[in-house]
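One structure coming up, written as structure tokens, with questions to follow.
Chain naming follows the written order as A, B, C and D, and within any one chain the residues start at number 1.
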Amino acid sequence: MQIRTDLALESHEICKESAKRDDEIRGVETIVEEDDGVTLTRVMVSDEIGAKILGKPIGAYVTIEAHDLEYDTQIYEKTCEILSEEIRKMVNLTDDSVILVVGLGNDHITPDALGPYTVDRLMVTHHMKKHMPEQLDKGIRSVCAIAPGVLGTTGMETVDIVKGVVDELKPDVVIAVDALASRSLSRMGSTIQIANTGISPGAGVGNRRDGLNEQTLGVKVIAVGVPTVVDAATVAIDSIDMAVKSEDTAAIKEQLYDNMGTLMVTPKNIDLIIERASKTVANGINLALHENMTFSQIEEYVG
Amino acid sequence: MQIRTDLALESHEICKESAKRDDEIRGVETIVEEDDGVTLTRVMVSDEIGAKILGKPIGAYVTIEAHDLEYDTQIYEKTCEILSEEIRKMVNLTDDSVILVVGLGNDHITPDALGPYTVDRLMVTHHMKKHMPEQLDKGIRSVCAIAPGVLGTTGMETVDIVKGVVDELKPDVVIAVDALASRSLSRMGSTIQIANTGISPGAGVGNRRDGLNEQTLGVKVIAVGVPTVVDAATVAIDSIDMAVKSEDTAAIKEQLYDNMGTLMVTPKNIDLIIERASKTVANGINLALHENMTFSQIEEYVG
Amino acid sequence: MQIRTDLALESHEICKESAKRDDEIRGVETIVEEDDGVTLTRVMVSDEIGAKILGKPIGAYVTIEAHDLEYDTQIYEKTCEILSEEIRKMVNLTDDSVILVVGLGNDHITPDALGPYTVDRLMVTHHMKKHMPEQLDKGIRSVCAIAPGVLGTTGMETVDIVKGVVDELKPDVVIAVDALASRSLSRMGSTIQIANTGISPGAGVGNRRDGLNEQTLGVKVIAVGVPTVVDAATVAIDSIDMAVKSEDTAAIKEQLYDNMGTLMVTPKNIDLIIERASKTVANGINLALHENMTFSQIEEYVG
Amino acid sequence: MQIRTDLALESHEICKESAKRDDEIRGVETIVEEDDGVTLTRVMVSDEIGAKILGKPIGAYVTIEAHDLEYDTQIYEKTCEILSEEIRKMVNLTDDSVILVVGLGNDHITPDALGPYTVDRLMVTHHMKKHMPEQLDKGIRSVCAIAPGVLGTTGMETVDIVKGVVDELKPDVVIAVDALASRSLSRMGSTIQIANTGISPGAGVGNRRDGLNEQTLGVKVIAVGVPTVVDAATVAIDSIDMAVKSEDTAAIKEQLYDNMGTLMVTPKNIDLIIERASKTVANGINLALHENMTFSQIEEYVG
């Protein structure tokens, strides 16, 4: 009965909570840097013990938290720049590096669409670098990008598709972008994790079946993710824990209400749910209003 | 510190829970009909006392619950037909009735898009009825439809827009379709409420500021809604209540986990959150990979 | 057998061509201003004779042409500013003016979607001006916006919907935004017409049935439009005219090929065509590959 | 100065026109079958001479024409079934065949989106066949599908991506779906071509740079395509040819007007054009109405 999170930062918090002590967990180091509206936390998992405790492979996990990202243009610009620096620290790029960006997830289910949407906005240059390098400014690197889709829509493991493309392209590094699960609703869209370990099996909003990492792809993989969903059980269990620790459940409820009162939750496949629900309501109304039409005539009309 | 719900059925449940007794609340009657995969509940609020207790105007509220709506085509067809019958019972239609369907909500925020999406699928006929009635089969009624938008994007109260159109068109009845809030995640997309009271102020996913009903529009209003969001505080408070009533919090957690384990929650404005988050990640990667580009050059590129 | 155009500029060109003389047509004056990548043409129709010849009501029609609008950010910014000045010249705004922007057209058919898309990007303030004026900077005016839809999807004449809203809101001016037809493919998306006459019946990509102007709405109407479609017959007829005037058809073909060689054309309802075609191809493949599935099982699956 | 078409049927027509004779071209055979609203034309290119004349590789090209596809549900069902039979004739499927469907094109440019949209509607089963074959009915084959994107958005030749996936998956056959260019506006969306030759370099709406065929992929490739664009020069040149052949240009114009009068054309990148145009118009209006806002403040607001 575990709390579901893809953030090393949160795994670390959870371990500390259950360990009931505030000091460091063996094999895991954390450093926190504050910078005017943006918090940077580095979680370093240095050995197998730390990896086992945290449930995350050995490696570095950098978390950028910027709660006003959505409303404050300066915070937005700063966050882009910090993210850029942290990626560069993890990848050794030369002028001739070829980089493949992989946008994981399903672009028809909004909370899972971070990867494909990111790929849509990349400055992709590999083809120009190859065919008209003289037209590109110095410092423009050779970038490719794909959004390989998900198991349910391709019929193939994502790792197999990406492996095929990597074998053909032979990039120096893969940057895998994915939507993540977090335990906290307040982190939705305002936290970014960069990891030099790639993506583990079972991670991501859609629980990718196989990992995308150096073992599976044969090339270094940097993972960049943003939380977009919370496990509903996690919200509820966190509340019970609070209620049990304290005796004053009324106060807890009030606090919960203050924190969450304006937040509405909705299932992650809400796009499909709305699609179907609107069809049902429309056809109910159509049938009600047009008396001699049969169900299949109406269905045909709606198309 | 109230539980937010737009379903009369749930208001009634909540009243009974807090009343600690199982029998009828004064001024409210309920009838439940089961029919092979579909449950119909009629809540009749018959006087001001019932209305005050339930927080819903005097009138009839019919709830159709069909948990397999999304997967089972037969249940889908049956649900459309039951909805159609219930609408007809509430509206006295003649062959010459003119009906205006109003799809409330914001079509750019998926959980609020039920109304506009429904309007897209209606069989709209008013213009044909007027200009080429001979081409329409008997039984086809005169139907108009609008999706008036929401306060934040139009700058006008929705009721003012609809009032203007009603005054011009003079329909016999308005059917208002809206996304609703429920206390239960399991009702998302699988429950439909039809009410002969119209829509009350503050109802709906976007908390419509003014009601759409006979008082405000001067014409009978039938409301059709489907729950698409749950108040996050509601989920948490429900859990605490369970934990406090029982002593066995471990068992409760396990049960919660069993019920909700696979359900992920996501904020209702997830579409906008993903939009912004993907922009941030893309630009972070763009800046990281293309060294001599400035932030504004990148922004311009992304467009 | 007329050439279809909504641009006064082009109507004027066509008149001059058929008049076989280059001087002014009676009752119509034109002024051309060039400014570094942007051309401004003012066509003033001053009397009924001019109006009849041009087929446009008496009034002022300003055309902004900016061929590099799509690629050049400076041209884009300049065009926005010129458009802004021209609108202000046509409207007498005070600090207390209330403006209603109406986005005409169908947002599900891309070439007809200019109006609704524009409305999505407006800074709408009427509700804030009314409820929290102290939070708004000076100079922010009271702006409302609606996208009323089209006859085929609402069942109502657009003018009736807008009239209803105008009667309720009582704005000082209406700005109507619409996609236009032009005779020239090179003007698609790169030309803007502003007219102080409102919109005439039959204009726009969807041939709006009734006009939106001071007579129909009882309030001043400024029309802003951008060409997004060309009548296919117009392209063909223009070619024949060229071929007949000159004897050297080979040279004309070559020139046509040079001018249009890379331009592909597609019908205006391409969105619907693609929708249906992809369904057909997918189901053909589905039926081919899965042998025991019937057509309706496949249809159901596709949903 | 060639007429651009991806349909073998049209290449054949054009050859016959320029050959000024009606009988067969050497190395090319055609058979026409009519069936109640649907026409089937088989063009067989049997040797290198025919291939050179037609500009199409040796192979079989089947064209299904169904002009009422969009409006008539029976024609739609029949077309799906004929397409299914023709695909099966070209592919030798066994119960254990693995099929990869490749949806070519850019899903953000509507006329180029046929491939990706088709992939969205396929019944994909490879993963189920592998992990839970007992749950699948007999006759369900192992199907995978990808939409690899286009050169401009991936930075990689599409053939390289598909080659990588084919090497990893080792399917028995590839079905490549693509939007096509035709010389005739009346064929948009109502004609389907199936070819056992795969896709040639330069074909498709986006002029795919490299072909997808047995030589490049090492596995049999069936191409399925639907015309969605017409070369603008083609429309014009066809008109001139008509005008020159006949003396009666007035009659030709009239006929053109009758045939094309209601058809509007729009460039293939209309989606991007509308995006930019609506931004320009919105910001022009924003600047006009809100006096103290700068261009960049407005830009930021629009986002």
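Just so it is clear, contacts are C-beta pairs under 8 Å (C-beta built on N, C-alpha and C of every residue); 3 or more make two chains touch, one makes a residue touch a chain.
It should be emphasised that the depicted structure is a prediction, and the values quoted were computed from it without experimental measurement.
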Self-check item: Copy pair subunit B, subunit C: interface residue numbering same or different (half cut)
Solution: same
Quiz prompt | Chain pair equivalent in interface to C-D, over half of contacts matched, among B-C, A-D or A-B | solution = A-B
Practice problem: With chain centres taken as the means of their Cα atoms, state the distance from subunit B to subunit C in Å. | Solution: 35
Quiz item: Taking each chain's centre as the mean of its CA atoms, how far is subunit A from subunit C in angstrom?
Solution: 40
Exercise. Report, in whole Å, the distance between the mean C-alpha point of subunit A and the mean C-alpha point of subunit B.
Key: 29
Exercise. Would you please write down the residue numbers of subunit A that are in contact with two or more other chains?
Key: 119-120, 125, 143
Quiz item: Can you list the residues on subunit B that touch subunit A in the complex?
Solution: 1, 69-70, 76-77, 79-85, 87-88, 91, 93, 99, 101, 110-111, 113-114, 117-123, 125, 137-141, 143, 175, 177, 179, 181, 185, 188-189, 192, 205, 224, 226, 228-233, 235-240, 242-244, 249, 252-254, 256-257, 259-261, 263-268, 270-293, 295, 298, 301-302
Quiz item: Which residues, counting only subunit C, touch subunit B once they are in their complex?
Solution: 73, 108, 119-120, 124-128, 142-149, 151-157, 160-161, 163-169, 300
